[in-house]
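The two complexes that follow have chain A in common; it is paired with chain B in the first and with chain C in the second.
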Partner chain A sequence: MSDGELTAEDVPALTAGAMLYSPSLAPSSLETTVAWLTDRLERDGALRLVHPRTLAPDVGCVAVCVIGSGAALADLPPTGDEFATAVRELEQLSGRPVGAVLPLSAATVSALVPAAVASQLGVPLLDADGMGRTFALIHHTAMHLAGLPVTPLVVAGATGESISLRVPDAWRADALLRAGIDALGGWGALAAYPSTAGEVAAASLPGTVSRLVEAGRVLLGSSDPDTVVARLAAVNGCRRVGRGRIVALEHLSRPTDATIPTHPSSVVVEQVGPDARQLRLELRSEVVAVFSDGSLTAAAPDLITLLDVERGVIAPLDSLWPGDLVDVLVIPAHPVWYSAEALTMVGPASHGIPLDHPRRR
Partner chain B sequence: MSRTTAPLALAELVRVDPLARGEVAVLPDPAQRVLRVELAETFDRLARTPAHSLVVLHAEAATGGWSLAAALHVAWERGAAGVVVPRPAMSGASALLARRLGTALVVVDDDAVDVALELAARTAAPESARALRVARCAEELAEQSTVRGVLGVLNAELAPGVVALVAGSSVLAGRAAAVQQREGYREVRMAVNGPGGRAWAALVASLPEAASAVAADVEAHSAEAVLRLARLPLLAAWAQRRLDTSAQAEQERAAFAVLRSSTWPRAAGAGTAHDGQDGAAGGAAGAPAGDEAPRWSTELGWRVEGVNRAVRLERTDLREDDDEPTAELTQLLRAQWGRLRPGWPLVPHDGGWVSWQNTADEPAPAAARRALAGLEHLLADHDLVVGVGAAHRGTPGLVRSVEEARLAVRAGGSDGRATWFEDVGVRAVLARVSAPGVAEVAALALPQLAAARDRLLLAETVAAVLDHGGSLVAASAELGVHRNTVLARTARARELGLALDDPAQRLPLHVACHGLVRAWRATGSG
Partner chain C sequence: MVPAASSNGGPECSQHTGPSFVGAQLRPGGATAVVVRPRGDVSGAEVVLVERACGADALERVLGAALGAALEAPDTGPPSGSPGGPVSVVLDLGPHLEHLLHHPELLDPVAVVRVAPRAGTDPALARHPSALVEALVRWRWVVPGGHDLLGRELRLLARSRLSAVVAELAEAAPRCVAVVAAGSAGQPAHERHVADAVQAALPGARISAAHDFGGHGSAAREATVVADTALGAAVDHLVDRAEAVLRRRAGRRGAELRLCRGDGGSLSAERARTAPVLVLGSGLGPAVLGAAQLAGLDGCRVLLPAADGGHLVAGVRNGLALVRPLVVGDPPAELVVPAVALDRARPCGLPGRPDRHDRPGRGEGAGALDGRVPDVVADAEPDELACVGAAVARPLSWLDEIAAIGSADDLAAVQRAAVQRATALATANGAEPGSADVVEVSSVAVPYSRAGTVRVRVRVGGVGR
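Up next is the complex of A and B:
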């Protein structure tokens, strides 16, 4: 990645970074998208990656992401025009031509798709996103916190159909879309937050796409866990809570509620070394909290992830076994997520843990 | 604070309902005092828990997974006495954490609110809780029918203290640690009187030192109450055990006699019909048909189907007109035999004891010999000799093997080794020779030998020389003496009238010597 450009050579690092921010995803589910993006960048050349402030303030922008299930995306691959269709339809709804796209969340498959879309549309990709990681719902964004409306939005499916939506209350958007996305085959191409470059510059989290590439390079550059953790600290403030062995996996360890459709589970890690503590990781679709001897040490919106010590790679959550030696890593989210309002949305209480976030105690 | 208002210890509280219905997962400090009960349904409430409270988790605070871990941490921070958690919220990892934090953890199946209410009632009236505990303990003791069971209840009741039943300086049952002087422990002693009010034994409990003088008084009082309750069940169990053992031995003796009388004529008559396949009709009433073992033999715990190899034990000095061995000796032998050869019965029979090994198929000869090894101490301790029969199938086979074992033991020596019927062979005929009868004849027919002081030595020597066809070398090797000694002894025997060289006298002389050796060994004379 030379300054302001994203090339085909950057795709492996971008992918590795995207995986760091989505530990519940199996790497294989990204293969189609990685191939698609690499192919586009090889054919059409490097993509412009720009800070929102470098564009004229009135340039139209939209946030793009995959909505629905990553597994469904792997089963029902995109035909290739879903995202362009969604952006074009949103242009019509908002009446403003799109001059740049940004990832709604720079993580998982949604970190790769916006680059492919920007390349398809021939517009620059903004080095910014709405989440700085990934959250469950589409209004869990810095733009929403800053007052930008999430709608009108368009979801286009591999079936050739699309849904457009306009809601006065942002939190209704996900509820209304869920049934439609099921009918589209489990996933859809989302274009939302029609706005200007000036609005995006003020409301989004800058630098998050280039940060993914840097983090990815760290992960690909070394398999020594200590080196990886030290270098990640410089890139995204990552810290190690502890190193230990997984001693128990507890499934359905607490009652589920209807708001987030994933099963709660727990992973118990006994720390190794003289000051050994018991680390309890609470899982939803991601690790939402870490308790150290019962004391809440880190919680969403912190990004909590596990590094497989023996192999020096991020351990996907669906491949954990008792006996694995892991580093429990915590990457702080953007400061905007630790305000009282943001914590209500994405803090521990939103995952059924009614405790104060460690950063607010 | 008086004894009646001294707060309950956790160890006391977990012994009464509602916690007695639950499960104690972790109890690091049983002496921990419980001053109050706190029903915590939110973490805000939990964070305000006063010290020495027993926290009952409920609702939001008991949702499982992280909630118990977080509750344990808060309880530890607040110095709570312990945490009570509904079972759905419990996990193995949480028990580990509780152990690490040193926080007591009890799992309950009842509704948490009910549990908290009941616990509050207990802690508000400690003396009534203690009375409940004693009542519950009395119920448990009443259910015990063995000494071991009674001591088990006491040890569970007074944990972490330990209890033993002691007579003099030896521990009869329970945990020996109770009689050792240990740092931080004190002793509570309760005499147990036997029938007639005579001191028989004592219950000794070693309890951890209490936190205060009042607590020490309370604990000693409640421990004494429990120990006192245990005295009667203990005596009953002890008496029952003694009765049971004697009755069981007597029953088995009678049963074996019936088994033998119903089968023996056939087994003996079978002669060449190996394995009892003679097909003769059964004799006595209730006798088994064919090889089938009678049903009551299994009720006694005997196994006779398959291949049996009998073992007979006798006292070395057993005489043919001796009574049955005393019940005490039988009881002692049965206990020791049971330890050495688990699963082998030991039945008093015909002045000695009979045991047998039962296997599905005939074991290899080496394995059979191995099975009889390691009995030397037992034999030496009780001055016993052992004969082993051959292996035969089924009930008739067992009876036959018992008879063979009896012949083997009679034909064998008294050197502390087992004599095998297979090794004895036809020499078993000699076992049928009545030793006292031979001795009576010898007194008349060989008066000089019978009067000699070294008569046993001479008889042994002559028997050995004749056993080896007149070879002095072979006889000296068997007797472990020099050839010249054998020569001198045979010369002396000739002087005393033993005509070794007369072919007409050799057979009766040979038989007589074997009989005399047995007779004189048994009487100890010579």
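Up next is the complex of A and C:
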């Protein structure tokens, strides 16, 4: 990646970084999207990757992501027009032409599709996003915390159908969309947060796309887990909580609430070494907390991810097996997520774990 | 101590009194066969004959020699069989089939029929992402239809379009057709309807339908059925050749042919004819098991020499190799069938290094890990190890499904049903009825899906008949 450009050669690193910031999917589930983005960048040339401040403040912007299940997308891949359709329909609803695109959440498949749609539309990709990782709901963004409305929004499906939505209260958006997403096949192309470059510059998290490429290069540059952790520490403050073998995968391990997709589950890791602590990872779509011998060690909004020690690659949450040897890694989120308001929205209590975040104890 | 997986094998036979098993491997340019027998006093196996040959009739020559040696050896009967029963012969075709996949000019071209709500509007999404898979495909059609992951219909099957596609297929007259429908792992109705229509129009064609293999991800499912149908004729031909040798040489005692699976297990010759892609991806997989068997270990980490230097590492647990989905080509295309998980070993992960990775990482205190598995460094020839692994390969099955649960009881029921289906598959693959047991079960929540959506994977192993 040269300054201000994203090329086809950057896609492997972008993908590896996207998996670090959300280990929810195996790389094979991204295979089709990766091939699509690579092909687009080879056909259309390098994509402009710019900080929102470099654009005129009144340039129209829109946040794009996959809403719903990446596993569903892997089984029902996009035909290629869904994201552009969602952006074009949102332009009509908002009355503002789109001159730049940013990821709603720069992680997993949602880090890749904004680049593909920016290439399709011939507009720059903003080096910024709304989450700095992935949270469960579309109003869990820095833009929402800054007061930008999530709607109007448009979701377009691989079925050729689309849904548009306006809500006065942002938190209602996911609730209203959920049944529609199921009917579209489990995922949809979302275009939301119609805004200007000036608003995005003030409200989004800057540098999060280029950070993915940087982190991805670390992951691709070594398969030695100790080297990877040490190098990631320099990029994003990554630290290792422990290394151990997965000994149990449990389901419905906490009360389920209807507001967040994916039922609660748990992964138990027996740490190797003389202290042999037990690490208990609480999961929703991401790892939301780590307990070490019963003590809360890390929790959302911290990004908690697993590194497959034998292979030196991120261990996807949809492919875990008892017996896997993993490093449990914790990466701090953007500081905006540790405010009292943000912790109420995305902290451990929002996942049914009624404990203060370790940073606030 | 690091056990070494080497053999005393050679053209000479050693004295033994136990049952003998034949394992063989066909690879580009040659074939190898071994005769092995279980060690009487300890676990594992030992090699009593190694036979190698080159040329067009290499397979016949090595199989004939090995079978002859096995028949001549005194036989007190297998542990689970009667004295003088058929000789077990397990053939590993993996290296040969992978060679064919990389040479599409040696295979019949494939026609792909996708069933999806809409056709791709971007050329990159209208084709398969893997160049290797795409090189096997000459024709493509899309029939509107399909389901979601949990089997809910997304679009009615477009029967008029299906009729038009079938007419075009009949004109093109491909010998190999791959049918893959969105969501067919959860609801195969559309895919079956299309496959039946194609079969009616092309009765001589080999049709492979994705729901027969389960799994997840349209790219992986399409790659699986493309490879399956493309390799069908080759597997048929090779099984014919091997069975002809067995008929000629086994005499009244007889011999039973099975084929090696990519996950280090085995399946019956008939099952291999109907699902040839299950035979793909063997080769190094059985070599992992072979090395563990020669070292007499049911649980270990095996290091095999890599062709380009260094080592490949794999794990063995309960006598079976650890697996993950098979990948072919570079850049890799994933299939939905399992293969032995092999990774390049890092120097710091090699035996004897104080920083082997199942020790704690730096900064967390050093110390030995109680109960860690031993390492086996394979120093026998890879083809010989593969043949040993093939000879002792158990009939296995693998299931990978998406299901919906509402309670812990639901999950238990889903797992029970999956185990029953996997057990039936293991029996179809040649396991003695009643011998199959669950090797591994994994259930994980599917991220960002409706609450209660789980991915269930089951591995079942049996004892060969």
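Quick note on the criterion: the second predicted complex is superposed on the first by the 359 of 361 C-alpha atoms of A that agree within 3 Å, B and C clash if a C-alpha of one lies under 4 Å from a C-alpha of the other, contacts with A are read in each partner's own complex, and residues count from 1 in each chain.
In the analysis below, a contact is a pair of C-beta atoms (placed from the backbone, for glycine too) under 8 Å apart; a residue touches a chain by one contact, two chains touch by 3 or more.
Not measured: the values here are computed from a predicted model.
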{"item": "Side-by-side fit of chain B and chain C on chain A, or clash", "value": "fit"}
{"item": "First (chain B), second (chain C), both or neither touched by A:248", "value": "first"}
{"item": "Touching partner for A:92 - first (chain B), second (chain C), both, neither", "value": "neither"}
{"item": "Which of chain B and chain C A:74 touches, first, second, both or neither", "value": "second"}
{"item": "Partner chain(s) touched by A:339 [first = chain B, second = chain C, both, neither]", "value": "neither"}
{"item": "Chain B versus chain C as contact partner of A:158, first or second or both or neither", "value": "second"}
{"item": "More chain A residues in contact [chain B versus chain C]", "value": "C"}
{"item": "After the two structures are overlaid on chain A, angle v-u-w for chain B, chain A, chain C in degrees (C-alpha centres, nearest 10)", "value": "50"}
{"item": "Nearest Cα pair across chain B and chain C, whole Å", "value": "11"}
{"item": "Common interface residues of chain A - those touching chain B in one complex and chain C in the other", "value": "265"}
{"item": "Interface residues, chain A side, partner chain B - complex", "value": "247-248, 250, 253-255, 264-266, 268, 270, 277-278, 280, 282, 289, 291, 293-296, 352-355"}
{"item": "Sites on chain B touched by chain A in the complex", "value": "42-43, 60, 63-67, 69-74, 76, 89, 91-93, 96-97, 100-101"}
{"item": "Complex interface listing, chain A residues touching chain C", "value": "24-25, 28-29, 31-32, 34-36, 38-40, 68-72, 74-81, 136, 158-160, 178, 182, 184-186, 223-226, 229, 240, 242-243, 245, 249, 251-252, 256, 258, 261-263, 265, 271-275, 283-286, 309-312, 317-323, 325, 327"}
{"item": "Chain C residues within the chain A interface of the complex", "value": "116-126, 129, 146, 148-150, 152, 154-155, 182-183, 185, 216-221, 313, 315, 317, 322, 324-325, 333-334, 343-344, 346, 348-349, 355, 357-367, 369, 402, 405, 407-408, 411, 440, 442-455"}
